[in-house]
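Have a look at this one before I ask anything.
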Amino acid sequence: MIAGVIGATGYAGAELVRLLAAHPQVSALVLGSVSFEGDRIENVYPNFLGKISGPLVKPEEVAAGSDAVFAALPHGVGEQYAKICMEKGIPFIDLSADFRFDEDEAAFTAWYGKTYVYPELRRRSIYGLPELNRKKILELAKQGPVIIGNPGCYPTGASLGAFPALAGGLAAPGAVIIVDSASGVTGGGREPSRSFHFPECSDSVAPYKVASHRHIPEISRNFRVMAEQGGASAPSVIFTPHLVPMNRGILSTIYIPLSPSWQTPAASGAPRPPGKELEAKTAEIRKVYEDFYKNEPFVRVLPPGVCGATNRVRQSNFCDISVHIDQGGSTLIVVSAIDNMIKGAAGQAVQNMNICMGFEETAGLGAVPALF
Amino acid sequence: MIAGVIGATGYAGAELVRLLAAHPQVSALVLGSVSFEGDRIENVYPNFLGKISGPLVKPEEVAAGSDAVFAALPHGVGEQYAKICMEKGIPFIDLSADFRFDEDEAAFTAWYGKTYVYPELRRRSIYGLPELNRKKILELAKQGPVIIGNPGCYPTGASLGAFPALAGGLAAPGAVIIVDSASGVTGGGREPSRSFHFPECSDSVAPYKVASHRHIPEISRNFRVMAEQGGASAPSVIFTPHLVPMNRGILSTIYIPLSPSWQTPAASGAPRPPGKELEAKTAEIRKVYEDFYKNEPFVRVLPPGVCGATNRVRQSNFCDISVHIDQGGSTLIVVSAIDNMIKGAAGQAVQNMNICMGFEETAGLGAVPALF
Amino acid sequence: MIAGVIGATGYAGAELVRLLAAHPQVSALVLGSVSFEGDRIENVYPNFLGKISGPLVKPEEVAAGSDAVFAALPHGVGEQYAKICMEKGIPFIDLSADFRFDEDEAAFTAWYGKTYVYPELRRRSIYGLPELNRKKILELAKQGPVIIGNPGCYPTGASLGAFPALAGGLAAPGAVIIVDSASGVTGGGREPSRSFHFPECSDSVAPYKVASHRHIPEISRNFRVMAEQGGASAPSVIFTPHLVPMNRGILSTIYIPLSPSWQTPAASGAPRPPGKELEAKTAEIRKVYEDFYKNEPFVRVLPPGVCGATNRVRQSNFCDISVHIDQGGSTLIVVSAIDNMIKGAAGQAVQNMNICMGFEETAGLGAVPALF
Amino acid sequence: MIAGVIGATGYAGAELVRLLAAHPQVSALVLGSVSFEGDRIENVYPNFLGKISGPLVKPEEVAAGSDAVFAALPHGVGEQYAKICMEKGIPFIDLSADFRFDEDEAAFTAWYGKTYVYPELRRRSIYGLPELNRKKILELAKQGPVIIGNPGCYPTGASLGAFPALAGGLAAPGAVIIVDSASGVTGGGREPSRSFHFPECSDSVAPYKVASHRHIPEISRNFRVMAEQGGASAPSVIFTPHLVPMNRGILSTIYIPLSPSWQTPAASGAPRPPGKELEAKTAEIRKVYEDFYKNEPFVRVLPPGVCGATNRVRQSNFCDISVHIDQGGSTLIVVSAIDNMIKGAAGQAVQNMNICMGFEETAGLGAVPALF
């Protein structure tokens, strides 16, 4: 098949190009760029020299020449290409937020300040978190070409970390779940700005967009859907992203109040170090997580003693999850780690393509994480 | 005066040496080291060449030759020097945990696995967080030589971030307060180990000692004391430290459930971006913080639009605090930033010396933070 | 085939494991470790979980169970396994310096302080820099099992950068060639030490072992061999390695005095910015480099305007080379960039295995460099 | 005195502000900014909050309200303010290249593409490298207000590293001296760009502007002046700057061919590790360096076994120098380390102010380097 990438010169686009070039089912690439149209990909990314080469064409030409199209564009500008793909009858996998909210245009408008250009496209679109929606994606794909709203980076890590607790009734119904996340700087994209200027962000850590990040409604919706599957009322979400001086990776530390039956009553008085009882309860919860993800190729529930860390998933499509209980026994602490550019963007997009096209879901996504 | 430093060759010790060498009241230094006894400080730290120079002597000689003694030693080995200083009648400022728990030996034993060697020393000791205990330190110092239990790095940032909310009744009584912190690698000390080996911790972020870090009882006790001052019941504490690839700094993101009267009821349904109402409430809370700290020389409550970041306090004794409310209106999010080696260790120790010795509290601590 | 790795838990060993696990001709791995014998590789490197798994056995068992053996051991301890492999009739690819000096035991002894244990093994051994010795490796492999002395990391980058100039008569005969290199911290291995402790080496750059690094005799020998092929007398070598706060990569800036016929006489007087004439000469020299490497799969001579940089070869087996002339026209400046763990260690070892085993030379080495 | 800073919001300007705010002779600051005129310095740099505060005014107002003026502006735009200061009779310390070339407008034009606006100002201007020109600065200052052409960052480190060898006749007359330098990213200034975007420059090292950097003529001129003082013909200079993922610091590794009388003849044949003879010769050369700099407050010739490293001069005005000889005995290798923002810019500017104003030369420059 021929894969097309619109927006191939941004970071997510370039990662897509890198993954697709090594994909066993992809025979050729058509690459589009608005900023560098007329140039060549190996000039923009000389790291590709000798491996990946080709002209950067107009978005329309990408759609015309491909069997599946990825779009890594800013929010609110790519619907037209989705439309073309639907008319042509090929999948459109969108890495912007345009198709992440299905029919809920109000949420999209409230947080992104834009409206749907072609609302009817949502009849063919689906939120592409395979661990949540694989069945729905497959069903929709049977009926014709689909549009994938590829998940945001933070929502991917947060959702995979919380799902088993929500679906399994571990989370206290209607609780406030806190997602405290740290991202590498590639998450900010390729455009230079003060925030991502080396001397301003290296050797430092800081939160940003506290309680106002656009990924809040996406995380919140995912949590609600999963809680409803577990028969519980929707939790509230508090989300704080932090910028960390590293290139790749998102680590999310997720605090989930346990429902009473899952709590371990602490002795009254001052806190004491966790003992055997908490260890046993943690093992029980880990078992719930392992069972939930036992058929998932890209989620690794880590063994006891191993904690989520971004360098263990580097350049892979894995989401690593470790489970912990606070020393008071009342709160589940889940740590999830992904590579923000792979499972958080380009890798998940390829995973979605694989599902839509009927390929092996892991095709082209077999990279073993290198620690450094 | 002559200042002595026992354990001068560890990172906290070396920072003490650097600060004391520039202190206007300090005329000479006596430096002790177990690992490098017989060597010279400028050989161990060639960055000191031409500025700070001197032999590294036995701990006993430090106590004998100084007017005030700092100890930057492992936990559980320094009480003997405190005893000597008390007998000699000079202040002893201890950077280990040995004197952080006052009479509560049980907490110390439960978390540090040691017992008090000279329990009676606690009659002369006090927990040295000036913003909490300045009056008590001054009173004790009037009565004779004091032992300062210099606070842990994480507890300093966490406590300063939460105090105004606890003392002012903003925090829901008995709530679970989550402290999610990120530290630079100097926090792990000078001894090489796998965790702090460059290739293992650079370009990555990960939590460690989740729900089991020794700073939990110290944070918990501080929160309780302050809540009691505000007439409220003690909160529970959940604390997760993270290691971040930077040298200095601790950033704490603190989640404090608001008491009902301080909440801003959100519209029901899906989350919406924060609006004017939350902004107004945030301003109200910022005012509480500003009032609480209006006489504190080292706490900066940041203006609207500026968020805590570790590179803004680099090499200074400042604790920067920014306040935020979650988009649902129920939870106060406080961000505090300190330099872990200064306000989190050596700087605060000097601040404590200044208080004990009757110097200007800010003496020797005037460094303006450099952004990089 | 079954590949064996002795010393699988060091950094070079672990990279070998990662590459071999994805190698199309390798059906299974046998992994040996002295430090972690009895444990499992996925416990030592949890990043391998779900992808690579297996017990860590004794070195003898590796040799017994494999069709080719790699050794990533300290210098001077692996000859015995080479002997076993020769007796068994399978290739032994050694990443230490033990087989890099062929018959010249004196050089090995002078710089490494050890003697050859089984000198006769050198009859079956060859220095494994394919761009220098491919033919010889193939010839030796035809006659029986071979021992590969896999090149050092610095010598690989330095040699590939200088070869075309030496072989092509560009370098002034007998000149002093300066190799100024910068390495990422993985080059120091997995064992924690002060030099590679994060706070001591991050946010800093420094040379080490100035004019005394063990790679000097290897670089010197390679330069001599290549100069002799070009009919010129051997150059002298000055080599200064630097430690840079990054994980991977070696950048070498190589200063080669040009022979008179290749010089561009500068106007007398103060230096002026390079003009068209130098650009033309640079293009001529680039052509020499392109021709020299036109059949090499892993050397990329960079186009005009692109300079060698370590992030363009990340995790790949490429050596990138850019050529420049000093503004005075007298000296060729070559910049070469490799990934120290791949072309500088594990990747080149796999390349050597491919050659010895008659596989496609690029098998298992197709990774496209990711910029970050 | 009142110090004025034009261009106070760039990195060099902000460092000037930080240093001057703590200067014992400076009672007030007047800060100018083109980009942020009308704003306040503590809004642009919130790290200054509570310590440094004030409006950002027009450049003209800075000149009008100050007793000495610093300009940290782009090249070619600040001469008008120099003129105003000369008319007003106060010193003007310029951090751009405008006054670094004295009467040699041709060099300035060739490399910077600009001409002198007021050529006659050069009668009052002097190149401000105190270790080279202190006497001349003092003489000129006696005659009236002076303009200081504050040296470039790279030329400072390179010149201080080479001077004793050039002045003392150690360098072979007319030799090619290679300066291979590595700089932290603050050297690129505060303006965001692709080159200094965190994901493009972190975890990587690369040269830039090979053989074409604008500091070449400045280094070359300094070397020539010093060689002439030593009675030798001018050397040629090859200069290669590299970008390293750190914030501050410049490390220069300088290769100086030794004049025959200073060489240590190596045994013929392959290189051998350096022995006692080279150690003795190195000590001799170190003595030359120590003597040359014995009265310089900011140059530290490092003792045997200690090599120049940027983290040993962090935030200080020191230039650290270590001397080495190549194993062949023919070339002196000097390593110099400075903080590019201090001795390489703002610190040296303050040093020049101190000289011009008759203050203690070290006033305000006493910071002890912190290792991290």
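Chains here go by letter, A, B, C and D, matching the order in which they are written, and residues are numbered from 1 within each.
Convention: contacts are C-beta pairs under 8 Å (C-beta built on N, C-alpha and C of every residue); 3 or more make two chains touch, one makes a residue touch a chain.
Predicted model only: the values in this text are computed from it and were never measured.
Using mean Cα coordinates as chain centres, the one most removed from chain B is C.
Ranking B-D and A-B by contacting C-beta pairs places A-B first.
Remark: chain A and chain B have CA centroids separated by 36 Å (rounded to whole angstrom). Chain D has residues 11, 184, 186, 199, 202-203, 245-248, 311, 371-372 in contact with two or more other chains. Chain D meets chain A in the complex at residues 11, 184-186, 190, 192-194, 196-199, 201-203, 245-247. Across the complex, chain A is touched by residues 11, 14-15, 18, 21-22, 45-52, 186, 202-203, 247-248, 300, 302-303, 306, 311-315, 318, 366, 368-372 of chain C.
Of all residues in chain D, those touching chain C in their complex are 104, 106-107, 110-111, 176, 178, 180, 182, 184, 199-200, 202-208, 210-212, 216-217, 220-221, 236-238, 240, 242, 244-249, 251, 253, 255, 257, 270-274, 307-311, 324-328, 330-331, 333, 335, 337, 371-372.
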